[in-house]
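Per-chain residue numbering starts at 1, and chain names A, B, C and D are given in the order in which the chains are listed.
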Amino acid sequence: MTKSLKLLSIAAMASTMLATAPLSAQAGGVLRLDEVAVGELDPAIASDYADSILMFNVYDTLVLPAQGAPGHVPHLAESWEGDGTSYTFKLRDDVKFVSGNAMTAEDVVFSLDRMKAMGKGLSYLFANVEKAEAVDASTVTFTLTKPYAPFVASLLRLPIVDKQTVMANLGEGEGEMKDWGAAYLTSTSAGTGAYRIVSHNPQEETVMEKNPDYFLGVPAPAPDTARLRYGLEAATVRTLIAQGEHDIASQWLPPEVIKALAANGAQVLTESGTGAFYVKMNTTKPPLDDVNCRMAFAKAFDYGAAIKMIAVTDTVSQGAASTGAVPVGMFGANPADQVLTRDLEAAKQHLAECKYKPEDFTLEISWIAEVPVEERFALLMQANYAELGVKSEIKKLPWALFAEQVSKPENTPHLSQLFVNAVTGDPDTLLYGMYHSSAAGTWQSPEYLNDAEVDKQLEAGRTAATPEGREGAYAALNARLMEIAPTIYGYDRQSVFAASARVKVPALSDPSKAFGLDGMGFTFRLMEVAD
Amino acid sequence: MSTPTLDIRNLTLGFKGYTGFTEVLHGISLSVEPGERVALVGESGSGKSVTARIVLGLLQELRTARIGGSVLFEGRELDGLNKRERHALRGKAMSMIFQDPTSSLNPVFRISDQFHDVLRRADPRITRDAALERAAAILAEVSVRDAERVLNAFPFQLSGGLNQRVMIAMALANEPALLIADEPGTALDVTVQAQTLQLMRKLVEEHHTAVLFISHNLGVVREFADRVYVIYKGRIVEQGPTRAVFEGPRHPYTRALMAAVPRLTGGGIPDIDEDSPDFGAPLETHDAEGRA
Amino acid sequence: MIPLARLLAKRLATSLIVLIGVSMLIFAIARIIPGDPARIALGPNATAEQIADLRAALHLNDHIVVQYGHFVADVARGDLGVSLYTNRPVTADIALYLPATLELVLVAGLMMVGIGLPLGIWSARWRGRAADNMIRLVSLLGVSAPSFVWAVILMLLFAFYLPLFPIAGRISDSYAISSVTGFLLIDTLLQGDVRAFGNAAWHIVLPAFALALSGIGQAARLTRANMVETYDKPYIEMAQSYGFPARRIANHYAFRPSLIPSLTIIGLDFAAMLGNAFLVEAIFAWPGLSRYGVAVILRKDLNAIVGTVLIISATFLLVNIIVDLLIALLNPRIRYSQRPA
Amino acid sequence: MKRTLAILLANPLSLLGVVLVSVVILSAVFADFIAPFPEHSGAVVDFANFNKPPEWPYIFGTDLVGRDMFSRILYAYRISLILGIVVLAIAVPIGVTIGLVAGYLGGWTEYLLMRLTDVFLSVPPLVLAMSIMGVLQPTLANGMLAVTAMWWPWYTRLVYNITRGEKEEGYVLAAEVIGASKAHIIFREILPNCVPAIITKMTLDMGFVILIASSLSFLGLGVQPPTPDLGSMVADGAKYLPDSWWLTIFPGLAILIAVFGFNLIGDALRDILGAEQ
């Protein structure tokens, strides 16, 4: 029965592809992709992957990450210089917003003020930025309260908005700036980007089209229209791609589905390098306040099974084996071949030295409802720790509820699974928020870690003036984090996307074109869509 | 001698059920001549109503029913007709009047709609206007004065007597050869019942319609029928001209029925000892009025 | 027609009382949610100050009765507040998603009536025969699985294995339909685009059918049961004795009186689809209110939860009123409670 | 009682119902003995055998962490039945009592109680349960609570309608004349007349509670892993259609079979006991 059903299914798929071939030909120039809901269009609120795709296409930033290399290259800015607490940027003078207004230093100042005043999204990246001032129409100066090495990188998260348009569209609100134009900017864009908004429904779909006046010009093979749909079911995406009605699937497809698509002729795109999968241990809650218990759980975790679970094909996986607290490729990372493995004997030893006995506690393993693969990790841990004689219960938490619960250490589960990435590509934006004692109790830091040595190295890492200084600080941090084990460092993450054969995305397939920043690979103007 | 309108010979009926086969009619014979009014008298459950339904051809469609013997309508063997032909007789060549006029009319349709359907039996292409006109004319015959209001009404808006007249009008609208009246008007007030019966009698005489009158009420039968059959437990136990039967009942069951006559409104079965061997007595036939 | 107007007024008044009850119920439920909605809304990186500000703006520090007062005052002005999840007015969100759900539910309702009733009629007319047994079995199967199971099975059969129908969405990408009513089947026709209409209709078939299946089964079962009862009524025997065609007896004389008691239940079933739509929309990626509803419930988005439930309940009550009126229209006993003059 | 059973077994359809329900109940009760992998109902992972199509010894295939689907479905039946029984055990007494009291006492009591019932009936059942589950932690106990909250009003309606009819009956009037207490009349005189209707509805509802509970867990508002639950199995498996079809189809059919079985019996009971709709 199995076999015949399968045959039937394959035959049906094949006929589908044939039947719909003319359809995809006529689609021409349209790029169809999906992400999880909701798509947030307001630059001051945008934070997640879907939002990033929107930001990187309808807005521009002063700098861009260098492709296939570390560092940053000019974009809206022609050049910049800085001395640790003060940076001055020289802007291009040929850039226009979609409204037709010219982009000037005033707009940059406004964008920063707006971001800081609204205090949402990624505004925390600019906590150290005291102010921005327009020196003249094309020169802007940022003043920092203290030296912050990753400042330039953080500018990747400051989309420049059109001050005049926003001021003309202020909504209801208190104070001089009313709502800072939030009502307006959540439904449309006021940027300089290569694409502009045709329609936007945060739950359903955002449609974008080429901006003919883009200051760099948009190459002809780039998609004329891009449709970003939200919240499609995995099964839906899987069939749509098989039927030639979808181009790039979100990274959230379960590995089995990507595998099935790859087997049916889809290409597999990857974006790697700036994040990892972590199982975070609440260090304030017994038994995890004892480092030996934490070490036991870190050692008992079956790293190999986890990697196997996320393998897509023989060569592509949603992650690479972890080597320590810092992902491979960042300052202070351990060599790629020094991978973590399961050591049940060591785990038993640590557990024996722990002041809590397994029969006296029940471990609470949470997983984020929106990320189905985490349920499997939860089950894996439950089975792994059962071998140590540890009881556990699994708790599914919707993201919003999770983020709320971690605000209090007593509500925070024992184990929280998280995918964290460096939002600007810099290790500071990955590690500081997770481990600095001042940052405890956010969604990234359910460890509630309070360790002086860790704090010291984190400060050193963000203020060090030279790459060597930063390397040293993060290497020391890595060693310390391995020693006190606040976290199980699951694996270094890589985003994998199934895509139809009609798109070419060099930034996601050619390592020398990769940006090293999550979401930047979806810069539509650098893609090609077969007509 | 002319062909009888209805001639039933040795009719048997049984039902197949979970508990086996139950015979309800054990071979009854009766006939109705054209224009003749014949009563079939018996208590409820005696088999008189099923006889009427066999004549109409309704029971033949029930899969559990087993019917034997023969029923001739105007000389034609019903059993020999196919379903369509049998169906064609209903509402045209024969029609029926029921016990409770109000519940026999559909509560959610106006009288006019139901009348239209009745008239369509004889003339499938009759228009609504023509049907209404015809209906009004027939209603006038049954002494309904404001036919328009009646036709426009729903059954629950009319009195029982009025509904009964509507039923009679419908029954005679297509000039049937045979009218079966199953306990007509039993549900009505006694005086109203008497009035409508009189009306019916007048009409069938005018239209020269043969009537098979089913009742348990001897008082009514005596007023109405030319001839009487007494049915008891699926058998005809006595028959003859109305006067002869009433004046000289022979079968003990008939005599028991007679004893109950004063209770004009009926509803009661004679209160007699059913175990008496007399009830098994053979068929009594009165030979008066020249019938052999 | 005066009795109808009185009936309508009475039902509207009762519905309003019930709706106030619903609003209190759901308001109370939404307020005892563990967790701080302000913190959830502002996201992981909000400062304590921002949270305090938002709590004040949402009146979260007031007594629940005072909060309800604010809420009622806002609702009276047609303001359901701002969704903490999409940052847009709840009314705008609902206006965006409700039409898709209503369209799905309405088409499913049409299927339920258009398929369920004839099946029931057929079954009753041939009661005891093979056709009747088949229909009874199938309609019982229909009500025996939740709509998401039917959705999965239908999708697997008619979108995956036999790709006869599209798998997701309301219309193909290639059609640009501007929203007038929000009902694609209407908007496409308003624009005179017959192909787009066909495309939208093609998209709605599977999800609507999955949603309708239990309703179809229920409608067929109910119609059959009531009709079988009706078939024993004297007026049916009268119709048969007059030789009315069997089809006319079934479709008119037996069906119409049976429809009246069935309608109340069919109305309730129809309204229950508003809830079941949540299950089907998830499978077919139907951009309706359901996904929004589940999302806001998971995210404890107070205003949106209250608004969504309130709107759904109001729709539910409205459907019931319409059904009651329909019954009154079909049942002359109610329509003409007095004799005509 | 004996007669009822005899009729149930005589009709092929109700016999089918009895067979299906027996299978479901026996599976649930004897899951420990029937299931080839009883340990798979709990915290077990077997990545050597994950996502396998139906093949021996995994006749329904394995899930994404390598657990036997067949064993898990047997254990899921256990959860479903417990849930159904508990929900009805709570909802029926509450609903019946309110219905009896409202129907018999009348007046303001009736108005208030019936409007309260209307409030609960005016929120589509699933939406009400969802709202409640959204508030509470998704656990088995809370799931039961949410379903119970949406269930009792239906019994109130049913019993209320019967009571209103019965209260005019001679035996009730007679009891009133003798001076029997209200409680006596409600529970000793009227209640027994509602019992056939209640039993019929309970049988039908056993299926529908399973159905609604599975809908809740389908939406992620039900029982939590590793506890096996039919609704969440369908929801989780739906992401892997059409390739891993066995993850959805078998639990989906399992729901269908259980609900269908209870419905067949309920239908037959309704015919036999002649209870009203």
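Assume a contact is a pair of C-beta atoms (placed from the backbone, for glycine too) under 8 Å apart; a residue touches a chain by one contact, two chains touch by 3 or more.
Please read these numbers as outputs of a predicted model, since none were measured by experiment.
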| item | value |
| --- | --- |
| Mutual neighbours - chains that touch chain B and chain D alike | C |
| Most central chain, judged by mean C-alpha position against the global CA mean | C |
| Between A-D and C-D, the pair joined by more C-beta contacts | C-D |
| CA centroid of chain C to CA centroid of chain D, Å | 22 |
| Chain A-chain D separation of Cα centroids, rounded to whole Å | 43 |
| Whole-Å separation of chain centres (CA-atom averages), chain A against chain B | 88 |
| Averaged-CA centre spacing for the pair chain C and chain B, given as whole angstrom | 51 |
| Interface hub residues of chain C, defined as touching at least two other chains | 155, 160-161, 282-283, 298, 300 |
| Numbers and ranges of chain A residues touching at least 2 other chains | 9, 233, 235, 239, 369, 398 |
| In contact (per the touch rule at the top): chain pairs | A-C, A-D, B-C, C-D |
| Of all residues in chain A, those that touch chain D in their complex | 1-2, 5-6, 9, 233-235, 238-239, 254, 256-257, 260, 305, 308-309, 369, 372, 375-376, 378-380, 382-383, 386, 392-396, 398 |
| For the chain A and chain C complex, residues of the former touching the latter | 8-9, 12, 15-16, 19, 26-27, 30, 32, 37-38, 42, 45, 47, 119-124, 182-183, 186-187, 201-205, 227, 231-233, 235-236, 239-240, 243, 245, 369, 398-401, 403-407, 442-444 |
| Residues of chain D defined as touching chain C within the complex | 13, 115-116, 118-120, 122-127, 130-135, 207, 211-212, 214-215, 218-221, 231, 234-235, 238, 241-242, 245, 248-249, 252, 255-256, 259-260, 263-264, 267, 277 |
| Chain D - residues contacting chain A, complex | 43-45, 47, 50-51, 53-55, 64-65, 138, 220, 224-226, 236, 238-245 |
| Interface residues, chain C side, partner chain A - complex | 35-36, 39-40, 42-47, 50, 85-88, 93, 96-97, 155, 159-163, 167-168, 172-174, 282-285, 287, 291-292, 295, 298-300 |
